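Two complexes follow with chain A in common, the first pairing it with chain B and the second with chain C.
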Partner chain A sequence: MTAMKRYPFLPALVILVVLLVLNGAFQPRSVSVAGMTGLAKTYLALMLLAIGQTYVVYAGDIDLSAGAIVSLVNVSVVLLMEHWGGDGLSVLAAIAIGLATGLACGLINGVVVAALRLQAIVATFATSIFFMGLALHLMPVAGTPAPAAFWRTYGGRVLEVPFVFWAIIALAALLTILARTRLALQLLAVGDDAQGAYQSGLPATAIRIKGYALCGAFAALAALCVTGDTASGDPLVGGKMTLFSIAAVVLGGSALSGGHGTVVGSLIGALIIGLIGSLVYFVGTPSEWQNLVQGVAILLALMAGILVGRKARA
Partner chain B sequence: MKRLAGLLLSTAAAVAMSGAAWAADFKIGLSNGWVGSEWRTQMIEEAQAAAAAWKAKGHNVTVLVQSANVDVPGQIAQVRNFINQGVNAIIINPNSPTAFDPVFAQAKEAGILVISTDAEVSSPDAVYVGIDQKAWGAAAAEWLAKTLGGKGNVVAINGVAGHPANQMRVSGYKEVFAKHPGIKLVNEVNANWDQAQGQQAMQNLLATYPDINGVWVQDGMAAGAWKSIMDAGKSGQIAGTGEIRKDFIDLWTSKKLNSGASVNPPGVMASALNVAVLMLQKKQLKTPATTGRYKNAMYLPIPFIDQANLADAAKKLEGKPGHYSYTSQLSIADAEALFK
Partner chain C sequence: MAKLKLSGISKTYGATVALHDGALAVDAGDVHVLMGANGSGKSTLCKVIAGSVRPDAGAVLIDDTPVTISGPRVARALGIGVFYQELSLAARRTVAENICLPDLPMTAGVLVDRKALAARAARTIALFDGVAGDGFTADATVDSLRADQRQLVEIMKALASEAPILIFDEPTSALDRAQVERFFAIIRDLKAQGRAMIFISHRMDEITAIGDRVTVIRDGRTVGTWRLDETDTATIIAHMVGERSEPPGARASRPPQDETMSGPEARAPRDIALSVRGLGGSGFTDVTFDLHRGEILGFGGLHGQGQSAVLRTLFGALPRSAGDVTRGDTALPLRTPREAIRRGIAYVSGDRRRDGVIQGRPILENLTPIHYLRQRLMLARPSVLQQKAQAAVDALNTKFAGFAHAIDSLSGGNQQKVVIARWLMDRPDVLLLDDPTKGIDLAAKADLFALIRTLARDGMAIVLYSSEDAELLGNADRILVFNGGRIRRELAGADRTRYNLYHAAYEAA
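Entry: the complex of A and B
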């Protein structure tokens, strides 16, 4: 019971393990090292986006523009790398500008929602159209290739270990550091009781803006992964990721009403979505049913999470 | 000694048999990343039928289908599933022209043949078997320019901005209209390959430009656009491109519309499958697939429907449901003729 309180992502973890076992049972090669590397390469972007989304959800807000930020950063980074020639230093410079772009988008969202007091769901829907429009303006057609140095690093190995696993280790370190800052707790406090947080002297507006900024920065990191996995710019690439990132947050045990949740849960939630997709296929679902079964499976995972959580608390 | 010879013989026989089995049986993965239209469903059904047809030739071709509405990372996951399963070939209708370069490189490393269809891909590790979308757009524009006698006001209704096939089709009609100084392209709008949006767009265009003579509209929106034209009572004065679904062809016939349609046949994936099976048999193309902007394409012929052959097209579609598209594909014999 105390475990459930300390680790609200436990139900999600159970589902994740079950899904891994099932995937392995139906297609043993999917849980081999190569299979797991492929899984990590494909879903690292969604994991990062779900983590970013979590910080916003902590405060009871939502970011419907997260996927559009991914597209915008992907397009900017690819164009800059092409413009500067694609050698090592220019790649690093483009990455830095990409991160700054994501951060700036997040700040815009934060100001619009927290400072101007517009409803988060509509305001970030509007900014998502704006960011997507900007991405389309920068690159009207998908297709500019990213330099080989960039995607070969993402898809390759460092010291015999796939690069994505190093990225996951770095991500774990980053999350540990973030968990020790006051920001996560402040966001949760605002989400739990905005009025109370404000009255107890917390700068609620500034905190919410910081949450959006953090989400923008994580969206930029997600965009770097997308760029690594797809080796090109695509002004529409992130569009569908937004709702998946929100689904991952909820699957991971966070409450959309705010004040309750964990980033680790969201990370697991993203993997659950990925594994459900491949499992639906590996069990031999006919193609015309794959979308339907996937939707039902995600619903079941949600329900299972709630049931397991209740049992554990009872 | 005799025993050893026997052992060698049986080993040789086993090797020969496994070799024969390898040559006869193929596992082919079909990946489709968008299920928003019956055209895609028909594309997969025709490919499945084409695979079954190989049985008569002594080849067991098993198709594994992954078809769902996915984003680009989701379709990359589909390809990774096929690699995990150890298929011999992957045929993909890709959601992006360039995003599959890394994953196709991995497929090639695993010894898998990759063919894209319907939309070209930049990967040097893949071959494109399908129509030239630019030529598709140009053929419809040529028809329109000819039908209008080389002069008149024309509007264009396009699909999704930023989608590569859309951009290629647009460049196709732009090039043709530029060659006809009498044709004035007064406006171009996007209606996202959606009939309702196509109808709405046409309504707005008719209200804004009462003197339109021609409409260049892509399939998936043409039926909607024509509905607006008929509602406005202008079907006698306007020539416009049409589409290849049975219900539209029936309407076209009964209302005597002045229309013409470039055919992007849903049979392209079946054609790609027949080419894939021949490639898996290690046969060589007579002309290597090196055309197109990515130098990896093999273009299929583009049929055209106009007044001259409308009745034939309608006959071919008789008894089919309204959403069924006019189709054509490379038969096994057609495909064999392309190989040495």
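Entry: the complex of A and C
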């Protein structure tokens, strides 16, 4: 087995390093500990969402509602924390309910797509509108602040190390365990050949539902990071993140057709998108051009990934 | 006492009856061979046992206890392991993962026990030590393996289930001699352990080498079960056919053409519509034949021996790896269907949903795409198109309410007529029919074949691949019998009998 096959994210890793060097060249402070902390704080949410998306993509499905789940969990958590007064215990309770909300949204997606057999793209697009509508109903206008206890922790330090780094360490541990679960292997098998997996006696429908549920849970974790980063509730905050998460999955070398990929790749993909965003800013692109330049840069990164991958395989 | 017993199994798909009265009794410690012609129902019967098809009626007993096999999961729990002919492997997972996938060893309830997985895989792989070939390791991904090695993985997957009942549906079609011999040695071991095994193969020598009993299925009905050491090949084939021999075209609605008309040697070279030399592609090699104008050339043999692939390659839908196709002095590259269509080649597939029908669109739109392409039309008046289309559909006796209705409103037979009519608006020179009557009722079939014969009489060159041997015998002037991706035999004139066709299909390998 070649390295490329075992580590499909190698091209993405190369691009990541190139982007880090470029970022450092244009803004030396961006590669300092403080700069890295800022990057992690801002893009941990996208990393988590891309990871969640990966499990769905493993099985050959897609979740266009991931960003809407982020929005819904974000406003739910902020409202609950405000409602309960914002002390430590109420924050924990709100976090628990937020995670349960994300899980429930994922289950709904899974049932609609895998059990009711609707097309994943259209069905999760529909549920995304539903989740977003729910978020807008709960909080019609953005701006309700999150309690200080919450965002101070997220932006602060524990034992002299920034909290986000602890979060990344915990995430690494979680991903290591998840990679060894039966579910990860089963999702990949279903994505590879759904009929074959069914004939092998795998519960294909239940497996796909679990994939969506996992994605919902990761979307909820992403929402907590968004809340910690922005310190407020915003019913539209996740909208743009959905397609970024899918782009991150593809950048990381996973196949949208399913059966092939790694979560590490998606994580790198999310970082690439983040670094492109900051690079566009550091080179001094005028604000009205930033979206355009960012779009072109992501397109180039995707093409570079495909070209490098093809070379490595040949 | 039979380990596994099936009786009165029936299954219908829409209008087609796949199984009428399927019965089978397999003893522990026996290799039970299942034989039948294409479409006789043997695969359906296996799928009923595997749980992937639910029968409409009938009883299944394991150890004399009635069971309901509602899905592959249930089948596994009941101790049934299956080798799937079309393989059930995850191409990008490793050999070891595939072998253990149905029943992953676990630790802590949710984690895969990689050590146990590797150990179990290694035990199974060791059974084929020395014959599996280069690159066959536990952590090789399946997509990096050759066809025979993939088939070995599927065999190992079935063996690793350690199920008391095992079904092998054509497990040896890609294996070489040494691999088959090793596999048979393993089967003999399993026999000694008292496993009950069902075995489907179309290699007669293998069947006599490994089988204990044979059950013959014909037209969805179990004909009977015999001990293999008490019968012979000719008798078995006779049971499959239903009679020993019959005159050519006895069931045909058309008298066989006289030899001066259909004998290939009697024809002048200018009558050759397509000349195929040494054609190779996915799943077939060295296919050589001449197709004459006014001829219906049959492709026969068991399912999936390369017949469809040859037709799809001629149509430019599959890549060609070797060989030439010429008409007169012109070489036809036929790289894409578009090119093939412009060269006057038409292709009608039995898989209407994949290859023919444009679903949800009106009948008129389904009739005209080829016309647009061949006439290089950019714009057309619906009323003019409709006139031309009317003539084409009338030739086929197509029943429909109006051109504006969605094609989905038609029956399968009428949908297929619309697909064929599409090609008739501008006459092609060559018509490739790839099992065109799949899932079509008898009346529509009769209309279809009447039309095909008229087209041939008018000078069109037609290739007919059919999985129903009666259709071939009734309509084809010559039949090329395929096996393992090669033409093994040509049947023409008085040789076109059911008996010869089966004999060639089963024994050519």
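Quick notes on this one:
Here is the rule we go by: the second predicted complex is superposed on the first by the 310 of 314 C-alpha atoms of A that agree within 3 Å, B and C clash if a C-alpha of one lies under 4 Å from a C-alpha of the other, contacts with A are read in each partner's own complex, and residues count from 1 in each chain.
In this section, a residue touches a chain if its C-beta (ideal position, glycine included) is under 8 Å from a C-beta of that chain, and two chains touch if they have at least 3 such contacts.
A quick note: this is a predicted structure, and the numbers were derived from the prediction, not measured.
With chain A as the common reference for superposition, the partners chain B and chain C occupy compatible, non-clashing space.
When the two structures are aligned on the shared chain, A:188 is found in touch with chain C, with no touch to chain B. Comparing chain B with chain C, more residues of chain A are touched by B. Of the two partner chains, chain C is the only one touched by A:177; chain B is not. Touch criterion met: A:140 reaches chain B, while chain C stays clear of it. Once chain A of one complex is fitted onto chain A of the other, the partner contacts of A:200 are limited to chain C, with no touch recorded for chain B. Contacts of A:24 after superposition on the shared chain: neither chain B nor chain C is touched.
Remark: in the superposition on chain A the angle formed at chain A by the CA centres of chain B and chain C amounts to 130 degrees, rounded in steps of 10. Superposition on chain A leaves chain B and chain C with their closest Cα atoms 30 Å from each other. Shared interface residues of chain A (contacting chain B in one complex, chain C in the other): none. Across the complex, chain B meets chain A through its residues 30, 32, 35, 41, 44, 65-74, 76-78, 80-81, 83-86, 96-103, 106, 122, 161-164, 167.
Within the complex formed with chain C, the chain A residues making contact are 1, 5, 177, 180-183, 185-186, 188-189, 192-193, 195-203, 259-260. Within the complex, the chain C residues that touch chain A are 50, 52, 72-73, 75-76, 82, 84, 87-94, 97, 101-104, 106, 110-112, 114, 139-141, 144, 157.
Interface residues of chain A, counted against chain B in their complex, comprise 27, 29-30, 32, 34-35, 38-39, 42-43, 45-46, 136, 140-145, 151, 154-155, 226, 228-241, 274, 277-278, 281-282, 286-288, 290-291, 294.
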